[in-house]
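Chains here go by letter, A, B, C and D, matching the order in which they are written, and residues are numbered from 1 within each.
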Amino acid sequence: MAVDCLTALQHRGTESSGLVGTVGQPTNHFNIVKGHGLVRDVYNEEIISNLKDSIAIVGHNRYSTAGMKGAINCVQPFVLYTARGNIAVAHNGELVNASRTREKIMRSGVGLSTDTDSELIGQFISKTIAQNLKCQNDKKELGNITQELAATMSAIELSYCLVVMTYDRIYAIRDPYGNRPLSIGCVYGAEKKEGDSPLAYVVASETCAFPTGTKFHCEVEAGELVEIKRSGIRSVWQMMAKAKSFCIFEYVYFARADSYFEGQQVHSVREECGRILAKESYVEADIVSTVPESAMAASLGYAQQSGITYEPVLYRNAYVGRSFIQPNAEMRQNAVTRKFGVLRANVVDKRIVLIDDSIVRGNTMRIIVKMLKDQGAKQVHLRIASPPLKHPCYMGINIASKDELIAAKLSEDEICTFLGADSVKYLTLEGLQRAVDAGNKSENKGHCVACLTGNYPVDISF
Amino acid sequence: MAVDCLTALQHRGTESSGLVGTVGQPTNHFNIVKGHGLVRDVYNEEIISNLKDSIAIVGHNRYSTAGMKGAINCVQPFVLYTARGNIAVAHNGELVNASRTREKIMRSGVGLSTDTDSELIGQFISKTIAQNLKCQNDKKELGNITQELAATMSAIELSYCLVVMTYDRIYAIRDPYGNRPLSIGCVYGAEKKEGDSPLAYVVASETCAFPTGTKFHCEVEAGELVEIKRSGIRSVWQMMAKAKSFCIFEYVYFARADSYFEGQQVHSVREECGRILAKESYVEADIVSTVPESAMAASLGYAQQSGITYEPVLYRNAYVGRSFIQPNAEMRQNAVTRKFGVLRANVVDKRIVLIDDSIVRGNTMRIIVKMLKDQGAKQVHLRIASPPLKHPCYMGINIASKDELIAAKLSEDEICTFLGADSVKYLTLEGLQRAVDAGNKSENKGHCVACLTGNYPVDISF
Amino acid sequence: MAVDCLTALQHRGTESSGLVGTVGQPTNHFNIVKGHGLVRDVYNEEIISNLKDSIAIVGHNRYSTAGMKGAINCVQPFVLYTARGNIAVAHNGELVNASRTREKIMRSGVGLSTDTDSELIGQFISKTIAQNLKCQNDKKELGNITQELAATMSAIELSYCLVVMTYDRIYAIRDPYGNRPLSIGCVYGAEKKEGDSPLAYVVASETCAFPTGTKFHCEVEAGELVEIKRSGIRSVWQMMAKAKSFCIFEYVYFARADSYFEGQQVHSVREECGRILAKESYVEADIVSTVPESAMAASLGYAQQSGITYEPVLYRNAYVGRSFIQPNAEMRQNAVTRKFGVLRANVVDKRIVLIDDSIVRGNTMRIIVKMLKDQGAKQVHLRIASPPLKHPCYMGINIASKDELIAAKLSEDEICTFLGADSVKYLTLEGLQRAVDAGNKSENKGHCVACLTGNYPVDISF
Amino acid sequence: MAVDCLTALQHRGTESSGLVGTVGQPTNHFNIVKGHGLVRDVYNEEIISNLKDSIAIVGHNRYSTAGMKGAINCVQPFVLYTARGNIAVAHNGELVNASRTREKIMRSGVGLSTDTDSELIGQFISKTIAQNLKCQNDKKELGNITQELAATMSAIELSYCLVVMTYDRIYAIRDPYGNRPLSIGCVYGAEKKEGDSPLAYVVASETCAFPTGTKFHCEVEAGELVEIKRSGIRSVWQMMAKAKSFCIFEYVYFARADSYFEGQQVHSVREECGRILAKESYVEADIVSTVPESAMAASLGYAQQSGITYEPVLYRNAYVGRSFIQPNAEMRQNAVTRKFGVLRANVVDKRIVLIDDSIVRGNTMRIIVKMLKDQGAKQVHLRIASPPLKHPCYMGINIASKDELIAAKLSEDEICTFLGADSVKYLTLEGLQRAVDAGNKSENKGHCVACLTGNYPVDISF
């Protein structure tokens, strides 16, 4: 089950993954499997069958946000022996104050063997455990580290969603800004009856990772600490909330279309972005189309609103990786040319409105516009279903630096020229916010739009 | 370049691939690289750079149509030392009379080391070379094996497309029924001027495999033998044509949407199938949708014709393989549940027309219908953009046996019950043929519809 | 059991190995496992347990005597589908007339997919099977290919030991010159009683490969064809014998010291060589020593005869490979310096008689003499327990060309200077022959000494 | 060069190895390569060439003395980021008080990610660095951690030899008991002249690991801390010495015969053991022999002293691993039967004195005695070149528990019966000590004989 979840989350990065499960119930032994590459290459049948009935956490598949790429001990989850038994830590997000915190922890006498945030957080927990041990004379219930996690949460700011495992329970934790998503589901058996209690709980960044038979339970609140034991689930601590700053880019690009955040499906938000975009920046054309597949929803929304027929213009070869997460520029370049085939019959002599969800460097789009024109397109009008991306993200989305962001350097007209398009229009920030809030059922609203405005939820100075 | 082609053709099967290139020009040495798994795992930079300026052929990536799966010497192309030098043989298709031909060749004294068609054909060529040598006293030009290939073509019936390489030329060959596709392209440099001769030729089953900068040259005709040398390309032999029997399933399902056959793009044919299907089997509904991605075109066609809005209902996880080509039933089952996420917002309380290109066993579709109903769909009407699949294919499409084909065992009503749908309708054979012939620019028309009618192009008795 | 034999024979080469076993008794299916590297890396528990109760043959581990190194289909045994069912062929030796035979078989219409002798022989058998089929109207017992093997033996000259398997029997074959060794053993259970029939038979190049509990049965005679079935063993054909030419180098260097040939243990022959060498070329010294480990026996013999104490002077690092069989010169060079540590306490101020079994290029010995002198040896006298190696071997021992043999180019004095030794003496040919014949119990005596004299058992002209 | 050393030390265990080198001089970046398996499988040419001119340390290849076998981050050297930069730690030995120290370090707030001693020591150093930083206001030279290492040495008792690397220097450290060996060599170029300074220094457990061209410099003294910089080498700290307790088993079995300790070559000590054994326990016999290869020296000593001829009786197959270090009992059992072939000609009707260096469980020896008797030996008299092994070692030699030691459970007569020998005699403790001290040139004598007497150098209570 843990492995199915990992597979479902591979759109978040395919570099490596890890899994830690308890073996037997009374024992404190952790079984660790880690590897590079696709999920199906890391876990085999034997590994999976060994995990039956155990508590297990799996590391989010990440592209390397920071740190020593390639070292296997950097693969999540990170396991530590502490003064109160083993803990395993999986982290989604990126600590904005990581270097200050690292310095602090090293100056307190702890050596770090990787430069991952998950080790850093694990060592923080470990230190707090030791401090509490001194005060408490070991009276606490064995696997209970609620207090230590609460102390850690207060110290590490943002962004983090954590899943922390001790030998008999799992903690699900979300930072006080709610920057990264975290949901909990209840797994039921095939013949579920009313009133049955769940067979298991599952915690994941996105609901799409829930295995078949899972019922959505809740989103972990910003600043909340939830404890899951065999005997049940309960919220054990709530930090004082900061201004909610849930990453708006999860809606725009990062999350899977079938995931739910704040009570609404990502796909619906994207369609709404497309509809608003059509209202804001209509252009006369023969067809609406998209760069498969992430902007599919937005382009269908645009088509509905504008009344222009949707037609695909590009075939996407599923056997070539996602260009955004290829490790270097050259590999991204090659990937584009191999990845798309033009559906010429839909292109020749057509005026095309081409929708994409965002433009980062513009290199991929430039090649695509050229491919379409080479194959006979009369006009190519770009419509981008999000505002210009102008500022780097320090909270987990790998947008490296301002220099590489085309919208940080060029005006809309210059971008149009660079891309070789006939026109380029972006969704407005207001439009995006309207789309995101249309179906938002959360009581605690508020999104991080730092990459669009430069207003970060906390002071960024380094 | 050869490797890019392989990557582009991975939708035809991902089990293994091989590549043979000449090393140096005067030498007769072949450089062979073979492996299992995705193209990007088999070939590295060093291998590719060694092939510069060489003649090379690559084996079609196949799922195991027949033979000893897993043995590396079964991986195409098959290389043989013959009495007139090395040859390498790559084969697409499946010899319907393979067992008789094998028996014949073994009785002639040749041992076979695999049970692939490509070895069998290679040994046939080898035998013919030896026979001709006796008659001709070695007077023929060294790498020229035209006569031997012509003799082989006459002997092995169908279906085959072959690419055969000697040390200084490549032959492209298509069986007299034209059952499998084979196209030739001319590769030009970046600054091509009118009248330039091509830098290279490329032969592939589908035009989508042509690298950037390739201009379509021709389809190899049914029964044609084309020779490509450094000095140019020419048609060197033409068998007397049989009734043209190009596999109609290439249009329906197998080929990539951006490939061209008979002068028309596959995507356009599929859209037309959808339009005709809408005329033949309209049903009142809220949305038209599809099982991503192969039936996307048909569902857009259906939507256009019917005026019902197209909306996606399933998210397809690109990191899980294509269910059709997983090696066994259990793996197919698992693959389905992991592969699709439901876009619930588009499903709840909706009457859905769900388009698919074909139904083989119905297992995948049954799971999908259940997923949609579980998520709140009011009605699910299946519309299949091809006629019922009732007969096995012995010519290269892996449709195992009549027992496994749902349409061979159950009536349309029974199928509907089995799948749990509200209605099920297939495209008629006439409808399919009309769609396929609408834009057909070939002078030699005619399609194999044996899997739909049981009328095979040749006598099948075994 | 088959795998244990392979492990025992790894001193004959560690490049690759293969194993073919029947699966089930009535079936004609062969189970094939092949791989590169050490035996323990190729076969796992699962593979081995699947072979229970089956007939199986394993390929001799070879360094590449000839052919396309690295191609997995070159790994023995070679399996072919023939007109009378599958055969598997394993070959030890080297066909002196391989290129003529290849040309002949290719001109008869057979393509060859490797350049191994085992494929060539397999195709020869395959051809003979087909010819006999025509004459005999299929009346022969199914797995019986005695006649075809007899015909093949007559055609392929030398050198070959073959193990050929059909679905229900194994043939053990030795060439009419008896050039390569081949022995048969009977395997008994733990509580063997007088009169019990054996549980199994085992065929191997060397008796050391026999598993525990095996009783030596016989050597296959020169030109003999032995058939082993579940029901028993019998000699089914005997070629007219040629002058016996058993490779004398098997005694000198190649075989394992605990193997038996011609009724005598290899170790005893080597000790006798040492004793005769001491009589022929005594020198005053403080200690007798050796280059570990193949000349250990000869040096103990020398010590006994001369009365000079044996003392080791070199430690051999078992984790570095045998230099003789490293694939290229540079790797051999590195291997030497890493392989030996000097036992300085036994070397300082000593006059050393250093025994080795043979000198090929002299490069290793030159480095060793220098190492000993650098560490303080007063004198180093080389005594070689075989005559000078002056001629290449075309029958299976990888002695590449005359140019590389130091004794073919330099006189004894020049060799002494090149090696930096104080004296160099070789065993005489008469001495070697006396040593080899002292305990020889074979009725058919005679050894190939072509590498020492240039007199080959057959005409070598190519 | 570092890699050559590792290869030379593979007799100390073949499970895994690691290497850390600085990349560029001013930078603080460490290049880490780790892997399982033989040295030649872990390091390739590219890795090695990248290390040119760098400071590098390599982890001792160990069998798993303690800890989580298999986890790659357990492979030495262990690298940590500390408050004063990166350090890498390689450890030979075993901390007797590891569990107390672990508890202490975890209670101080440090989480441990492995259960290796090297991580534990690394965290100890890291903690001391942080403490000193607070006092010293960062005035110390950057890579200098002398004080921290001195503090660590005082805290961790025994046994340890450490090599610790910072970005610009390497420290070589030996515990105050001198329990494990550690030597330093100077590497000179090919044309060394008098007065040249060395090109490099090399630190290794055994002198046999020194590459060609290395001159022995010194043994690190018990309790000594030596610093090596590009500018030279110097002893920077000396702990107050404890009673010297150098492991006597390094002489008996563990070290390579060509290594030097305390000014004498291991091989010479072993020969002397054999001579004294012959004096103590002479028996009339036809030959003296040994179980290859570690007791070769002792058996030659026995032969010299007794006047009985040395003759080998077993052939050892170099392609089967050392039985002592196979990970489990079953694999050891299989290894024995595959590893040795009997030289029958030397065994039949002979009275054999069989020398071995030690008996642990007796299982191997029991099988060997049976093999010899089965092949016709008249008598087999065992003579063991060390006293009975009765107590476990907690300081780095993997002798698991008293229950498994045959001499801890059975009397000499019972052992004789169990092994099936005609007599069994051990070397006396006095005999062993005489042999070890005969050529001992160290000024600080004293050996740990805890495994023979139960008197441990420190209190062992757990």
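Assume a contact is a pair of C-beta atoms (placed from the backbone, for glycine too) under 8 Å apart; a residue touches a chain by one contact, two chains touch by 3 or more.
Note that the structure is predicted; figures quoted are calculated from it, not measured.
Novice: Which chains, if any, touch chain A and chain B both?
Specialist: Per touch definition, common to chain A and chain B: zero chains.
Novice: Which chain maximises the distance between its CA centroid and that of chain B?
Specialist: D
Novice: Chain B to chain C: how many Å between their CA centres?
Specialist: Distance between chain centres, rounded to whole Å: 49 Å.
Novice: Roughly how far is chain A from chain C, centre to centre by C-alpha average, rounded to an integer in Å?
Specialist: Comparing mean C-alpha positions, chain C is 61 Å from chain A.
Novice: On chain C, where are the residues touching two or more other chains?
Specialist: Expected reply: no residues.
Novice: Edges wherever two chains touch, nodes for the chains themselves; is that graph a line, a ring, a star, complete, or other here?
Specialist: ring
Novice: Output every touching chain pair, sorted by label.
Specialist: The complete list of chain pairs in contact reads A-B, A-D, B-C, C-D.
Novice: Using the touch rule from the top, collect the residues of chain D that touch chain A in their complex.
Specialist: Residues 32, 71-73, 78-83, 87, 102-103, 106-113, 115, 119, 122-123, 125-131, 133-134 of chain D touch chain A in their complex.
Novice: Inside the complex, what are the residues of chain C that reach chain D?
Specialist: Its residues touching chain D are 4, 7-8, 10-11, 14, 38-39, 208, 212, 256-259, 264-265, 267-268, 293, 296-297, 300, 304, 309-312, 315, 317-320, 322, 337-338, 341-346.
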